[in-house]
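Chains here go by letter, A, B and C, matching the order in which they are written, and residues are numbered from 1 within each.
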Amino acid sequence: MLEIRGAAGRVATQLLITVLVAPFVFPLWSMLQGSLAGDGLGNYSSVLGLPQLPAFFRNSLLIAVCTVVLVYASTMLASFALAKLPFVGKEVLFYVLLLALTMPSAALTVPLFITVQRLGLLDSFVAVILPLTALAIPLNVLLARGFIAALPDELFEAARLDGCGTLRTFWHLVLPLIRPISAVVVVWTFVGAWNEYLLPLLFLQSPTNQTITQLPQFFSTQYGSDQTKIIAGAVIITLPTVIVYLALQKLFERGLTAGAIK
Amino acid sequence: MKTVALTRHRHEQSTLTQHRAGRAAKGSAPHGPRRNNVAGYLYVAPAVLVVVGIVYFAIVYTLRISVLDWDGLSPDPVAVGLDNYVRLVEDAVFWRSLGHMAMFALAVLVQMALGLGFAILLHSGVRAKTLYKVLLFLPVVLAPAVMAPVFRQIFDADGELNTMLRAVGLDALAHPWLADPSTALYALITINVWQWTGFSFVLYYAGLTQVDASLIEAARIDGAGNWRVISSLLIPLTRGTTVTLAILGVIGTIKTFDIPYLVTGGGPARSTEVLATYLYQQGITDFHVGYGAALTVVLMIMSLVLTVSQVRRFKLGSEA
Amino acid sequence: MSITGSRWRRTRACQAALVGLTLAALAACGSGSGTSNASSSDALAVPQPGSAEAKTVKGTVNWWGWSPGVSVAPLYVKAFNEAYPNIKVNFKFYDYNQYSPALRTGVGSPSGPDVFDLEPGGIARQYGRFGTDLTPLAQKVLGSDWKDKLSPLGADAFTQDGKLKALSVGSGGAGTLVINKTLFDRWGLKPPTTLDEWVSTCKAIKAKGKTCFVHGAKDAWVNRDLIQAISNSIAPGKFAKAVQGQAKWTDPDLVQALSVYRSLFGNGIMQPGAAGITQYNDAQNKFMAQDAAMIMQGTWELGNYKAQAQTAGIKSAGVSSPKPFVEQLVPLPDVAGKGNKPYLFGDPDFGLTVNARSKNQRAANIFVAWYTLTKQGQQVVADQYTQVPSLKGITPATQGLVDPSVQVTSLRNLGTQVQNATEHRQVAYPDLMTAIGDAASALASGSKTPQAAAQDLQTASDGVSR
């Protein structure tokens, strides 16, 4: 985007971004040092050696993937409708979704529990997936709707003239064109579901149904906790989110593709 | 040397569209028979049903218990009408927490500016892009509960920040940041910027990929320097992202909980108390469930009012 | 402006709907007495450990708590299973901060706990109502003089409306200071007994490049302990009386206690930035890493008399090659100079409650009885050192200490003191507890005078329904 001239310019730019990033790196570095204090790499092997780790990992993965699928589907459909389809009460429904965004999580636990218990869903993954989906949708609709709205109406005109129905338009026109924001939606939803601590703690009660965010309990006692291992655990927990982010990087790079208008 | 823009086959109308999007254009609905009405409802249905079914029960529940004097457990709550709300208005801690939240709103501006800056730089041919992207992404995904003790250590009277300040001779600035009511909030705001800049960055980065390279080329041919390109093109073209981030920023600021709760617990001497930590203390720690619910309702109303006014102002709701 | 009278209106529909909602949702949590299915003689049939029946009795117990922790609980479960091999115990750990929210949602649900931890104070007041009355169990196992066989603090803290809602596992006492005796000996220092001695000891320690006294003043509880200890040295027992509403917080003795507390932040005893760090882990880690020579902890710190436990603690503080050092609990210095003998005040660390809705009453009772009323269970508690057992007459085993010559006597003395303690440490009223924390924080940062802080406390205390 910016024009960088000459080697000096390139070096200066590289220096600039490095200096700007340095304050962000410093706490990360502190954390890494913390994870290697005491036992050193033994902290990592303690965490990785936990017999419950594979099960917890699987549970978290299951919950995260299901949440992402549900959120993606409902968000894209709704964003497309709110951005491009005409119907009465659009603005109201948009606000209805936004209002849900304003609720703080502390106020949700008891009523959520009541709902979950009434539906007989306690200790099932659905009890975590559904609320996570419900909480992720408003944010992602807000993000995706704007992107879709920015697509030129002429495209949709052309599609209609070509005889495409709403569904085909959605599938073949909209989805490919919004890959970058789709990637954003997937990444943030995955991160939110993966990092969720309170809902699995309260709603998943069998020891085999725990998620990876419950790892710190193995290193906590009534009097303080073993911070070195908890931080090592946190580093390990973060890895899948980084992997998801990197894997979707390509989608961030790709722009509008050829042949959108035939 | 001006390079020739690589032609990626973009549809011609994209040029016009980017400008229109930049000015929050009201796109006109496709003309034709209103046969899409039903489709609209159908498409929106899954999202609305899930959200309303799950979150709205919580909203209604909160409203109902906000008129009670209840500890959340005993079988005989006492209905007290609007007493909780009146008490709220007279509550000094409540007003102080609002003031603190206003300060956090400043953090949002910094986060957005930094996020945009990083996004632009990383679209401009720096090396080791992926490394920088990951480094900016990590703070967003790391559990605050794990970072809080790390930050308490960094801001400690003999922690890393003060050590660095002393090392460069700025002894006078070294301070027990989190122990002093006059500086604790700023320390928290710094942590907030650290944690959330990556979020703005990811969004801006995605938004900038939509920018047509030929536009920039055209500007260059017209003799625009880097700053011109940024101010006249990039900022307007990412306006949608900026508005979205502003809305999310406002809501996020109002709901801010983790960092004040985990790092300072609202102290010292309530100098970092925000509405979300206060309602947590009232509703959950002190078992004043009704009062906590009233605080929640106020929080939600504030968020809603600010959000609606922003959406209206930037005309987000009335497109298509 | 009084609002209360005119606004109070109970419309039948509104009340019915709310009560219906509450009851449906929290289903029978509201039953306060909890005697519905608890005291049938069947549920009280607790076989003696070692008997034949003990080996065959079957059951499952789901146990929730923040204590003893995921790594220690298996010790208890294993020991329990030696006596009762066919009762399965599943311990679910909750971090202390999440315990109350988790219990609130879980205690009435069908997948909730059979046995759960109860802490004296707010948690006991709120959740005790969901437990059975354990008096018959105590009588069955210990006889009609069961009260005399247990430390007084326990029954006291957990009795509500004449019913015993939890049985204490063990107690902890506050009012002590922990010194790093290894460092003290190296530098020829003695534990301070007056304020002046404390100040000069701190000067000496600072000269050696270490922090003298580390205090996690961000945490309200540790400030509360300190204020209570200080006020006990001025007017023994007044603090606890004020908590019960039997003395005024604006009493000159208590105001003086607040004033002395505040002075600690200015005379070089409190480390700079104390209000920004937590007791666990921030301050504790500094002490364990030997960066600080003193910390204020109560008898729960005794676990670190053991070399193995202490080494693990030092390692988790970030020290790579941990070497144990000698910790010693000494009385808090007489900072007010009134010459009153320091004493321990404390409470049960936690007690075990049997959920009235549990379908495993018998197994639950057996587990709770073993843990809190039998010699075998209480011996396991005693041997951890972190709690002083509730059952009288149990002496902890003394192997594996870092320095037996100093620590055995210390351990025994403190154990006796805690078992005989009568003054409470936990404040049963959350609002008052919050107010004390706020006052401590305001005093530490100098934003309120002791007089003003005392007035705030009195206001909060007046608003508490006792």
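As a convention for this text, contacts are C-beta pairs under 8 Å (C-beta built on N, C-alpha and C of every residue); 3 or more make two chains touch, one makes a residue touch a chain.
Note that this is a predicted model, so its numbers are computed, not measured.
Student: Name the shape of the chain contact graph, picking from line, ring, star, complete and other.
Tutor: It is complete, because no pair of chains fails to touch.
Student: Taking each chain's centre as the mean of its CA atoms, which one is most distant from chain A?
Tutor: C
Student: Count the C-beta contact pairs for A-B and for B-C, then tell me which is higher.
Tutor: A-B is joined by more C-beta pairs in contact.
Student: Centroid from C-alpha atoms only, then distance chain B to chain C, rounded to Å. What do you get?
Tutor: Taking the mean C-alpha position of each chain, the two centres sit 39 Å apart.
Student: Quick one: chain A and chain B, Cα centre-to-centre, how many Å?
Tutor: 15
Student: What residues in chain B touch two or more of the other chains?
Tutor: Within chain B, residues 61, 72, 149, 153, 284 contact more than one other chain.
Student: Chain A: which residues touch two or more other chains?
Tutor: Residues 34, 110, 114, 216, 227 of chain A each touch two or more of the other chains.
Student: Two-or-more-chain contact residues of chain C, please, as numbers and ranges.
Tutor: 21, 101, 104, 281
Student: Tell me, which parts of chain C touch chain B in their complex?
Tutor: Listed in rising order, the residues are 3-4, 7-11, 14-15, 17-19, 21-23, 26, 29-32, 100-101, 104, 122, 126-127, 129, 217-218, 271-278, 281-282, 430-431, 434, 438, 441-442, 444-445, 447-448.
Student: For the complex, give me every residue of chain A touching chain B.
Tutor: 1-4, 10, 13-14, 16-17, 20-21, 23-28, 30-31, 34, 70, 73-75, 77-78, 80-88, 90-91, 93-108, 110-112, 114-115, 130-131, 133-135, 137-139, 141-143, 145-147, 149-157, 160, 166, 170, 180-181, 183-184, 187-188, 191, 195, 197, 213, 216, 227, 230-231, 234, 237-238, 241-242, 245-246, 249, 252-261
Student: Spell out the part of chain A that touches chain C in their complex, as residue ranges.
Tutor: That would be residues 34, 37-40, 109-110, 113-114, 117-118, 122-123, 198, 201-202, 205, 207, 216-229 of chain A.
Student: Of all residues in chain B, which touch chain C in the complex?
Tutor: Of all residues in chain B, those touching chain C are 61, 64-65, 68, 71-83, 86, 149, 152-153, 155-158, 176-181, 184, 264-265, 267-271, 281, 284-288.
Student: Could you list, by residue number, the parts of chain B that touch chain A in their complex?
Tutor: Per the stated touch rule, the residues are 8-14, 16-17, 20-21, 27-30, 32, 34, 36-44, 46-48, 50-59, 61-62, 72, 114, 117-118, 120-127, 130, 132-143, 145-147, 149-151, 153-154, 160, 194, 197-199, 202-203, 205-211, 216, 220, 226, 229-230, 234, 240-241, 243-244, 247-248, 251, 254-255, 257, 276, 279-280, 283-284, 289, 292-293, 296, 299-300, 303-304, 307-308, 311, 316-320.
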